[in-house]
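What follows is a pair of complexes built around chain A, which joins chain B in one and chain C in the other.
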Partner chain A sequence: MSSTPLPTAAPRLLIEPASPFAEAELELPRLESLLPPERPSLLGDLYGAPGTLAGRLLDREARAEVVRISILAIVIGTALFAVLATSHLGAWGSARAALLLAANTFLGLMGALGPIYATGLLVAARLPLSRWVGVLLSGAASSALLLGALAPIAHLAFRIDPLWAGPLSLAGAFLVAGLSGGVRLYRVLHALAAAVRGEALRDGELFRLKIQARMALVFTALTGALGLWAFDPFLGG
Partner chain B sequence: MSTSTLTSWLAAIDRPARQTLALAQAPFRSTVGLALAGSGLLVASSLIAEVLVSAPGGALQVPKAQLLLPIFESLALVGPSAVIGAAQVGLRSTTRTWLAAFAVGLLIAGVVTTATLPLMGYLVLVSRAQPYFTPALLLPVLGLAGLASTVGRVLEAIEDPPAGRRASVVFQLALALVFGLRAAVHLGIY
Partner chain C sequence: MAAPLLVLVYVVIGCGAAIAVWVERLPLGQSKGGAAAALMLVFWPFFLPGLLTPEPGGRPKNQRRADGIEALGKEVQSAWTQAGVAGEREQALLAGFVEQLVGEEDRLAELEASLSAAPERVRPRLLALKEEGEAELAAGRLALEELGAQLLLWRFAGKKDGAERITVDELVARIEALASLEATTGR
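Entry: the complex of A and B
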């Protein structure tokens, strides 16, 4: 769990792979000029440099935007995963799973928010509740999109072997997505603290921040898992 | 097919990285079109090869397409994780760049398999023995190689050196692994 280094400014000249028999490159524009411009995008917001997201979370209007995008990403990611992983249950089972998994994610985050906030108070590192909402939703959104990306694997696993490979891939996908969300949470919290403070954190502060990130992951995993147990989205109606 | 279409295809084959970046900013339908064209060539040439090779007496047989499906399965399995994973480790490629790279890769795969098709006809003419496995199975493998190498080459061109190289190797290995596993299942080996 280390923070990513800031991207270096100096652009590298790209070496274009081209057929040696193709016409000379002189009259063509350089490859760098074709690189997509740095536009804010869904994936960029949820996976890009944590410093950027931290900056958005500190600004009230940008935070609302982050929350909207995150909610959208959670709905898309979980629905995709639920539909693909439960295709053996039929249309009704898939729809039910998609609805329950998305609802479970939001309910779990709501249930975990209070204890996570309280943890901050206990370790003397309070983060305002509105910023926690942004941090947690964006972390859950990055997990949800990863879950959506892993959905084809679960789908195939269920088709191959619904008894072992299917459930194992299901649990594995949740594990991978959860751990990646935890790492993301820590990085964003770290970037948030660094942005507010404007200087490097001391060892003790970093320690408390790590406790917060881990407890946030633990509480979210607990509520999320309890919800999955209670709603049984993957077993069909 | 108009001349300009052919020219743009050849440009994509000559300079895959440039075409990928251009496609990523063009309307999405051009990416879809290129992917469909490539897939069409790949599927058609593989199926024709199977019919040709598996019918030495001239009697048409239904092609089994045992290795064709694993290509698309491995792309469907590895692709989404690659897009999300690349964003997560901070690569420069956006979702559109990935999709465009897949499209260019599929086009090159399709052209490679189509170019190998005449060899299958030649084999039918000259073969005097029943081989252990039908040589038509080679075409999808060649197609996968074309797809994987193109996407890897584009990644290495667009990303910074160590990260691009690593991403390319991981992507190619994952694609080959899933293809191998699925191919084993479809061929009934496993």
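Entry: the complex of A and C
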């Protein structure tokens, strides 16, 4: 008895073939254009093309969602980093570090918002505070997720050498995550400005935009570092 | 002593904002009701600016632009006076330029109002004129903003004949060119 072959999935047809008897070339619609558009996830947008995120930041509803997801990403990234990097301190020490590092990050961001906004006023590149919040938090979220990804390295370094390698890897992870967040912030700011203007930015505008991005990085680093100094999340005291 | 007071102030503001969100049923992204109120309570510095800032489109567009141009003109005039180098020629040029921009704004408002009732065959041309006018307004506004920023810089830089002076002169020349261009085109 011959077995019936199992049905196989038909290849996905994207263009409907034209009839060989057609007299003229027909402009047939691409079948994929009839499918509902795939909306990329917001978490993916934190690392994706800055233009997509800038589009979300221009819309009030979408901006609130960007802020909400960024807060979630910051909590997860910083808590993961703190727990893994301070596993040598025990459960209580790790939980304390996770709580303090997340709280410190948010306090640092809140404290930096005012000076960053004032910088925009001084260099004649005003951005509404609500949009600044979205830009800053999305940059910090991408930075915090990278920090979480770097956590195993800090964990291993503390196991190997808690005196030198551990603290150095800790500082290195913050440096790398901070710089990547700064670059991301600049790109999103640039995309936002280009989307609002609808044309390429001139040299003078680009210069002021860079000043703003650098000052944002400096202020956030300053307030974040002050918080780390005040809270001592990694000492387990 | 100061820390508990700061925490208390933070919590009081957060409670007020959370109650407002709860009563008005305002959504924060996809969070609604209790979740939105809880988010607002803890993270109000991030959400409150978005709720309090009027979005573009909340007021009539023309009114917003005209207000902005006049206020910007006053800011630049004031910056010029404070810098202590206000020449009569420059002041007159600036006042005339702001007046031109406001006139251009009025013209645009009329154009926008008549667009909906305009016949189909002239609508593309009207739209093109509207875009041109908006671009001119944006260029004028940008020049005013840059001039205001440079004057502020000049005021604090101390040296009245340095690089700041050159930039201000260049900006004044740009504004003069824009003003004469608008006068030539009759708009």
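In this text, the second predicted complex is superposed on the first by the 196 of 237 C-alpha atoms of A that agree within 3 Å, B and C clash if a C-alpha of one lies under 4 Å from a C-alpha of the other, contacts with A are read in each partner's own complex, and residues count from 1 in each chain.
Criterion: contacts are C-beta pairs under 8 Å (C-beta built on N, C-alpha and C of every residue); 3 or more make two chains touch, one makes a residue touch a chain.
As the structure is a computational prediction, the values presented were derived from the model and not from experiment.
In the superposed pair of complexes, A:Val83 makes contact with neither chain B nor chain C. Legend: residue contacts after superposition of the two complexes on their common chain; A:Tyr47 is shown touching chain B, with no touch to chain C. Touched residues of chain A, counted separately for chain B and chain C, are more numerous for B.
Touch criterion met: A:Pro152 reaches chain B, while chain C stays clear of it. Looking at the shared chain after the overlay, A:Ala144 reaches neither chain B nor chain C. In the complex of the two chains, the chain C residues touching chain A come out as 27-31, 39, 43, 45-47, 49-50, 53, 55, 145-146, 148-149, 152.
If you check the complex, the residues on chain B that touch chain A are 13-18, 21-22, 24-25, 73, 76-77, 80-81, 83-85, 87-88, 90, 92, 94-97, 153-154, 156-158, 160-161, 185.
Per the touch definition, chain A reaches chain C in the complex via residues 60-61, 63-69, 71, 106, 109-110, 113, 122-124, 128-130, 132-133, 137, 204. Interface residues of chain A facing chain B in the complex, by the touch rule stated above, are 4, 7, 12, 14-19, 21-22, 28, 31, 34-36, 41, 43-44, 46-49, 142, 145-146, 148-153, 156, 160, 180.
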